[in-house]
Every structure is written in structure tokens, then in C-alpha cells.
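Each of the next two complexes has chain A plus one other chain: chain B in the first, chain C in the second.
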Partner chain A sequence: MARRWINRHPGRAERLFLGLLPFLILILVYATGSAMRLEVNPNDKLLPSFASLGNAIARVAFSTDPRTGVVLLWADTAASLERLVLGLVIATALSLVIGVVNGVLPYVRAGLSPMVAIVSMIPPMALLPVLFIVFGLDELSKVVLIVIGIAPFLMRDLEARILEMPGEQLIKAQTLGASSWQIVLRVVLPQMLPRLIDAVRLSLGPAWLFLISAEAIAADVGLGYRIFLVRRYLAMDVILPYVVWITLLALIFDIALKRFNAWVFPWMEAGRRSA
Partner chain B sequence: MAFPLKTLFAAAAMTGLLASPAPLLAAEKTDFKIAWTIYAGWMPWPYAQEHGIVKKWADKYGISIEFQQINDYVESINQYTAGKFDGVLVTNMDALTIPAAGGVDTSVVLVGDYSNGNDGVVLKGAKSLADIKGQKVNLVELSVSHYLLARGLDSIGLKESDVSTVNTSDADIVAAAASPDVTAVVAWNPQLAEIKKSPDMTEVFDSTKIPGEIMDLAVVNTETLKDNPKLGKALAGAWFETLALMARDDAEGKAAREEMAKLSGTDLPGYDAQLKTTYLYTDPKDAAAFTRSDDIVKYMDLVRSFSFEHNLLGEGAASKDVVGIAFPGGKVLGDAANVKLRFDDTYEQLAADGKL
Partner chain C sequence: MSHVSVSNVWKEYDGQIVLERVNLEVKPHAFVSIVGPSGCGKSTFLRMLLSQEMPSRGSILVDGAPLPPEPTEERGVVFQRYSVFPHLTVLENVAFGLEVQRSRLVGRLFGARRREVFEACGEIIAAVGLDAARDKYPSQLSGGMQQRLAIAQALIRRPRILLLDEPFGALDPGIRADMHDLMLTLFEETGLTVFMVTHDLKEAFHLGTRLIAFDRYRRRPEEIGAYGATITFDLPLDRSSPREKREAMAEIGHAVAGN
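Up next is the complex of A and B:
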């Protein structure tokens, strides 16, 4: 009997080809559509040709803007990354503290956990007009939006993971004479930190979403600002490269966090493999 | 290969966006779609549609016209530019910088009104426009607000580099103005009225100082209009009938304005206040005369200069002449071989002559 399909595995070269295929098809479909539209209207802005995309990239990424004297893409990237990293770091630090005490201390959990659960249900975008008035229109409100957007999820996730920990571990630590503080340091944190980083990886998508939204509404620099500014004259030749660039940055963040996790907490990976 | 090239092309052709070539392929047709967004000077259109005035005129010419509301103004223009609509309600500057600069030949069928105070520069705790120097100004960048700011600064000998601008969504500009770190705002109505209500806000420059320069237009794809002049006639007929109705000081006129107020999310006093700062061309003779005037050429020259300086005519544009703008009587601003925006007094004049 022939080998079943579920047992056939592609080789290295085949995997690479199959992985690239959807992208190739996408590029081909784009090129076709772009050529069709440009044939009807050579000034069409909707699906610019690869040549005009290249020109736009050269303009925004490799030459200084005559009006502001900076290279737009790098200025935008620096501003956006600063906001994003600040938001992620603050949200992670907050979540670590609140998530751990919520997970470990029943008295704190009784007081804080329902509140975190309810706050996590508030759509952050709906709060935006309030954030503007309380935190102003500058950097602070953008960072706060990211923090409010992802911290409640991180806190709830961490609390749930701690509650999922096998009770035997805690009992064993206690029979060995560990205090609450020692249990947090030696039992809970080593297992929870890598899980928190994993949760942060999952939050990258929402974090970018909140960043771009905040920049779209009020900003003078940033990746989201540029996209929503040039949208005013339908400059798809700038918007499309920016979208690709943002995707690439998000991908790099994700891979970097994954590597960081494996490097700092090697036992996590080992535990997963043996399980 | 499992996918022959032909299959790929077929797949490409099936993708809706890719398949519909911009502008709609011109031909004699009978069904037309116009996109509209909420603005004081455009509210007569949805009213005319709901009360059968549009249908009456469309029927007279044997066509059908549907006005479809789009929530976001820029999106409505983008949709028109992409070829999803035959026409759109738009300002003169955006008509030049979005469809015309994007190669979509566009004709102005009706100059509906100009902003006569509907756009304004507001400062917090300052008394004159000169105080704006060095401040951070919140506004929708590259919009008519930006244009108004540039004209205002120009009028007192300042440059745009004397202030810094912060792009702020029109939906959030009222909340932004209330924020303590915001000291200067440029906005349009109804947001402008809301911002001015705050006692520490002073309006230091507004569009009454540049009358006629910020126009609100009804535009249609030129190819479509050329093949279907009936569309222009029906639009002009419905427009001026509705304007005549709403200008009346009797119960019917008031009822019409009241309904337009409701459609735009305000009440009659609020809407009447906005109409005061909107100069509507109620008489088709005035509209046609303005479209033919030398003033409109001068204003469009100012607008295209601003657009060029802000890269709105395309990054590759060598000068402000790259997109040609045609006016009645054969006058052309810019490249006569690349006319993409045409002011057309034909339909306003037909209405003025009572020939519709």
C-alpha cells in the first residue's frame, strides 16, 4: 500500500518552496492587477507599479525630506518603536507584579482580580477621548493606550497560569520550609517569566494596533502617522512599503522575544520537549 | 507546475479591486451612484434624495441616481477615485489632490458653496493670530484647515516653519482642544463651533478672510459626464430646486432645514448657524458667474501652489503645472495636455436659463 499522505513530509527544499509559493502568487496577482489598472490610467495611485514603489521607498527610506531635513522612514520608525517598547515594558512590568500577587495571594486576588477582569473588558479605543484629556495629546497618551490595551490581558493570563500550577509543587516547597516570598522567587517566577514573555509575544499584534490607532488620531511623527497622512492623497506607493515594514518589525520582535525566552529560560524549552 | 499561468490570471481577474479598472469604463448608462458625507453645505443632497426631488429629476431624463452616504470623508473621495462611484461631494482642494492628481479626469458640475467662516483658527488664551508664532497647532494636516492656516500665516508675514503642526483626526479635535497641552487648533464646523464655546478660546482667523477659496463641489467623472450629459442636467435640476426650497422663510423652508439639521445630527438653530457661515449659491446665475469668473482661476492657483508645496500633486511632480485645471471659455491653469480637473458652467447656466 502506498504511503498515506499524512505520513509524507516535504524535504528542506520543498518546504522552502511551498512556504514561498503563497507570497509568489500574491506578488504575481498584484503585478497583474497593477499592470491592468496602469494600462487604463497611467497615473493610477491604487496599485502602483514596482518601479514607483521602489521610487517611493528610495524617497522615504534613503533620502532626507526637504521640508523637515530628516529621513522619514527612520524618524517614523524611531518614534514608533520608542512608544511601542515603552508601552510593552511598562505593561509587562505592571502585569508581572499584579499578575503574580493575584495568582499567589488569595486576599489580594479577592480584591483585585474582579477589577482586572472588568477593566480588561473595556475597549481601549472607546477610552481614547478620555485619555486625551487626562494625559494630553503627546507621547504619554499613546504609551498609556498601549498599556491599557494589553496589560489587563497579560495580568489575567499570568494569574490563570499561576492557578494552573500543580499544587504538589507548592506543597513540596512548603514542606521544605519555604516562605511565601521564597515560593514566589524560587517556584513561581522561574516558571512564570517565560510564560509571561510568551503572552507578550501574543500581545504584539494588539500593541501595534493600538500604537497605529493612537498615531493616526494625533501625532507629528510615527509609522501610523505617516500612513494616515499620506492616505489623504491616496499615496499607496508609500502606504504599501510602510505596511510591509511594520509587518517585518513585528516579525523581528516576535522572533527576538522567542530567542530571548529560549536563551534566558532554557529549562522551559527543555520541559516542553520532555513533556 | 500545478498552476498554469492562465489560472493565475483568471484568479487575478476575479479579485474585485484588481479587475475594476479605474475610472469606470465610459459608456451610455442609466444608473449612477454619488457618494456623500455630512457637511452643512451638502445636506441638501440627502434631503433631495429622501423627498424624491432627485428621483423626479432623474426620471425626467430617464436615468436613476443614488446618493450613498460614506461615514469618512477622505474614504468617500478615495472610493470615487478608485472608480466605485460616478461622483462625489468634495472640496476644491481635495478634488485637485486626490482624483485629479491620481489621473482620474474629474468635472465640477456644481459649485455648491464656499466656506464663509466655516473654517477657523482658534487660539487658547491669546488674542491675535500673531500669537501663534512658535506654537504647536493641532489640525487635520493637508486638509483645507492646513490651507487656511497657511493663508492666515501668509497674511501676517509668517511662514509655516514658524509653527509646528500636529496631525489630529477631525473626529477627535474637540477632545484634543480641551486637553491642557493644546493651545492652537484649526477646525471646521460643526467641531469649530463646539471648540469656540470654551471661554478661553479665541478665533483669530477664519475663512471669511479668504472668501471663495475653500469651495464645496459636486464632481463627476469626466468620461461618464461626457457620455451622459443627462446626469449633469438631473443633478443641477435637483440641486437648485432643493436650494430654492430651503432658502424660503416659510414653514416649508423651515421644515426642510429642520430635516437637514436632523440628518446631520444637529438641530435647527445649530444648522442655521452653520448655514450662516456657508455661502450657498442659491441662484444658479451666481453659481455660473462664479464658475466663469477670473476669481476662481486665482483661487485655484493659490490652492494648487499650496498643494504642490506640500507634495500633494505627487512626489514626482516637477512643478505646480503638472496637473492641468480647465475653466469655462478655454482658460487652462498648468499643463493643457494633462487637464484632469474641469470647472464646467454648462449645467449651472442651463439652470439659470430655465432650460432644464
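Up next is the complex of A and C:
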């Protein structure tokens, strides 16, 4: 009997093929489009051929820039990652503290929670000029933008997750003689860390957005800075590889955090499988 | 082992009276089975004994002293669900009570002291038959195993009162019988005072040394919010003969047929 489509699952090889298919199609469409435009105008810059993309990659990724004396891609990547990681780490640490006290202590929640909710409504980009004025055009303002951009979301998410915890667990811990502090340390924190990391994964997109915006506006090195710099020369052959590279970096972050969660918090996986 | 005295307790939620005029004297080392129709306030009564909720009126005394305003280690509890910590293994769940007792600062022991506590937990883990599952997480256990774990965990601090809210409700009859044997053994060994809510009359009779039923005397729709449930049956089971038990069961079964 033919099974319903919702019950048919692709095998390993099929999944790989189906997963790659859209990318293959995209590359094919690009190659055709590029070839057609270049035939009409060999100097066309919009869809550079794979050969010129390769040349550009070799230029920015594997040879030193004559003007600055560094390999551009690596210098840009190092600068951007430093800002991004710093922003993510600070935002996560801050959110962990504020989110947990907001979730656990009713008195703190009454004081802080409305404020966090309102701050999270401020569009961070609207604050960027303020940050540039207050913190200068250097690294600090970019890191602060990332922190302001994602920390309120992380805090609110964490608070909500803590409030969602079954009340039975907190009662149970009290009947076993645990103090507020011990409950935070042994019941709330260990269960919330993997959830916080999941929330950080969701924030990776916004974090990159804020980073690249800040770099586009004021920087002298960085992935976002480079893209917006070469835009003046319509250098699609540099922009496209940079975009692919940024996407790859974001993907690696996401996978790394996911692996980290599964490795450090095995009980989460165990729970998911049985649920 | 504690004497529990409940005098004229009322409980209302938002003007709705759930329980009214509840009076109860419970001798030390009693096993009180609590039955009654769904929604009549059995869990509410347990929550008050646990200090998870405060009575709206009246008082509850344990050995002559008023209940503390929050849960304490003198009163252990097993809920129907969510009773164990999902992020701790069986062994860690049981050791939790001892660890927070011995390490006030971080609630966690290390090295030799940790091993010592873990060893001390071995006995109760074996008693509830989880020896082979020591290092598993609760989500890897069956429902019955999780409830056995919850019982072991609740007993590790040697509470004087144990509160059970339909602890075996989700278990199949075979495992239920095992759990009953376990419960009776632990009850005899520890000298606890137990309050157990159940929907299973047989279980209530089998385990209890006393059975109380909550119900409403007035149940016309317009009276529901204005009048609460109270204790309508109070039956010592200690000396009942099997025949007396059967008759009482029939009578109460009739009265609480609402559930």
C-alpha cells in the first residue's frame, strides 16, 4: 500500500541530495546569468564570472594588501569577530544575571522587569548615533550596540523561561531544605543555561546585523566596513565572497553553540528524545 | 512523626470558597488517605499543609506550633508530576537534599565528601529498586521509576510529614502494587505521618490508617461559590475488619461517585 506523503522519509543519500539541490540550482542560475551578461558586456560588474570571483578571493584572502600590508580578509575577520564575540559574551553574561534575578526574585522583578521590557522596544539602530557620541567611533560603541541590541531580548526570554518552570520544582527544592541562593545555583541556573544558549543562537542574526551596520557607518577595518567600502567601486567580486564568508561564520557559531549545548547538558537531549 | 492539628480552616480563591470549616486532629505516625470528587480542594488542602498556600481563616499546628510560612524540610512532598529535577541523575536527585544541607554556600559537595554522601544515598536508592538506574536522567526512566525516585528523594532529609498528591495516579496496576508495598514498608520503618490524596478507594483503604473524604454539602449551582467542601467522612481504618472495610468502601464510593 502506498503510504501517505507525511509518512515517507528520505534516506541519508536522498536527504543530502535534496539539501544540496537548491544550492546547485542557485549556482547554476548565477552561472547562466553571469555568462549571459558578460557576453553582452565583458566589463559588466554585476554578476562577475567564477574566474574573476576566484581572482578576487585570491587577492583579499591569500595575498597582502599593498596599501595596508595585511591580508584583508583575515584582518577584517579578526576585527569583526573580536567585536562580535565581545558583544555576545557581555550580553550573555549580563542577561544571565539580570534574567535570573528577574525570574527568581519577585522584588527584583517588580523593579526591573518593566524597565527591561520597555528598553527592549527601543530600536537599537536609533541609538547608534548616541553611542557614537558617547563612546566615540572606536570599538566600544560597536560592542555596546550589539549588547544593547540583543541583551534585552535575552533577559526577557530567560525571565519568561524561569517563570515557565514547573512550580513543583521550586517547592520541592524548598522541602529538601535549599535556600534561595542554593535553588538559583542548583535548580534554576543549570536548567536555564542551555536555554540561554539557545536564545543566544537565535540572537546571532541580529548580532551580525548590528555589527555590520556599525562597521558600515564608522570603522577602518572589519567585514562590514570592507563590503561598504568596495561598494563604491561596484566590486561585486569582493562583496559576494565576503557575504558567503560571513554566512559561513554565522553558521559555524550556530553549530558550535548547538554542539556545546548537547555536550555540556546531556539531560536536555535525553529529555527531547523521550518527549 | 508529628501531631497535626487543623482547626476551622477556610480557603477561598477570589471570593470563591473552596474549603470551609475543616477540622482534623491527626496522631503521630498516621497514614491519612484523602479522597473526594475532582475539584473539591484535596490538592488545596495538601498545599496548605505544605505552606505553599496559606489558609484564608483558621490555623494549622504541627506539634503545637503554627506552620512556618514557607515549605521546610520537615514536610516532604511527592507531586503527581514534575517532582524530580530533570537535569540531575537518579543519584544526584536523591543526594540533592543532603548536599544542600552540608554545603550551605554552593549547595554542592566535591571529592571525598561527595562520595560519602553518594554512598549514604545508596541504601534508599536500593530500597526503591533503582540501583541499576543510578546514573540515568529522569527522562530516561518510566513513570513508575520516576515516582519511586521522587519518594526516595523526599525521604532523604527524614521529614516528619510526607505529603503525597496522587503519587501513583499514572501507574499501571502491577507497578502500583509494588509501590504500595514499598510505601507501607517505608511508612513502618520511618514513623512518618503521611497524607495521601488518591482517586483510588482501594488504594486509600489498603494504605491508610485513616480515611477522610472531602465533599460539599450544598451543591446547587448557585451555591457553589458561596459554600466550600469540608470533611464529610472520617474513618479510622486501623481496626476495621475486612467486612467493615468493604461496607465503608461501598458507602463512601457511593457518596463520592462524582469523581
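The working rule: the second predicted complex is superposed on the first by the 274 of 275 C-alpha atoms of A that agree within 3 Å, B and C clash if a C-alpha of one lies under 4 Å from a C-alpha of the other, contacts with A are read in each partner's own complex, and residues count from 1 in each chain.
Assume a contact is a pair of C-beta atoms (placed from the backbone, for glycine too) under 8 Å apart; a residue touches a chain by one contact, two chains touch by 3 or more.
Owing to the predicted nature of the structure, the values given are computational and were not obtained by experimental measurement.
Participant: With both complexes superposed on chain A, which partner does A:Phe50 reach: first (chain B), second (chain C), both or neither?
Facilitator: neither
Participant: Who does A:Ile25 touch here: chain B (first), chain C (second), both, or neither?
Facilitator: The answer is first: A:Ile25 touches chain B but not chain C.
Participant: Would you sort A:Phe62 into first (chain B), second (chain C), both or neither based on which partner it touches?
Facilitator: A:Phe62 contacts neither chain B nor chain C.
Participant: Is A:Pro190 touching anything from chain B or chain C once the two structures are fitted on A? First, second, both or neither.
Facilitator: A:Pro190: touches chain C, not chain B.
Participant: Residues of chain A touched: more by chain B or chain C?
Facilitator: Result: the larger residue contact count on chain A belongs to B.
Participant: Figure out whether A:Phe265 sits in contact with chain B (first) or chain C (second), or with both, or with neither.
Facilitator: In the superposition, A:Phe265 contacts chain C only.
Participant: For A:Gly136 in the superposed arrangement: first (chain B), second (chain C), both or neither?
Facilitator: After superposing on A, A:Gly136 lies in contact with chain B but is clear of chain C.
Participant: With both complexes superposed on chain A, which partner does A:Gln182 reach: first (chain B), second (chain C), both or neither?
Facilitator: Second partner only.
Participant: Residue numbers of chain B touching chain A in their complex, please.
Facilitator: Contacts found on chain B: 3, 8-9, 11-12, 15, 17-19, 21-23, 74, 78, 81-82, 97-98, 101-104, 138, 141-143, 164-169, 171-172, 175-176, 178-182, 312, 314-316, 340.
Participant: Give the list of chain A residues in touch with chain C in this complex.
Facilitator: The contact residues of chain A facing chain C are 166, 168-169, 171-179, 181-182, 185-187, 190-191, 265-268, 270-271, 273-275.
Participant: Spell out the part of chain C that touches chain A in their complex, as residue ranges.
Facilitator: So the residues of chain C in touch with chain A come to 50, 52, 70-73, 75-77, 79, 81-88, 96-97, 99-101, 104, 106-108, 137, 139-140, 153-154, 156-157, 159.
Participant: In the complex, go through chain A and note every residue touching chain B.
Facilitator: Per the stated touch rule, the residues are 25, 28-30, 32-33, 36-37, 39-47, 55-56, 59, 128-129, 132-133, 136-138, 216-220, 225, 228-229, 231-235, 237.
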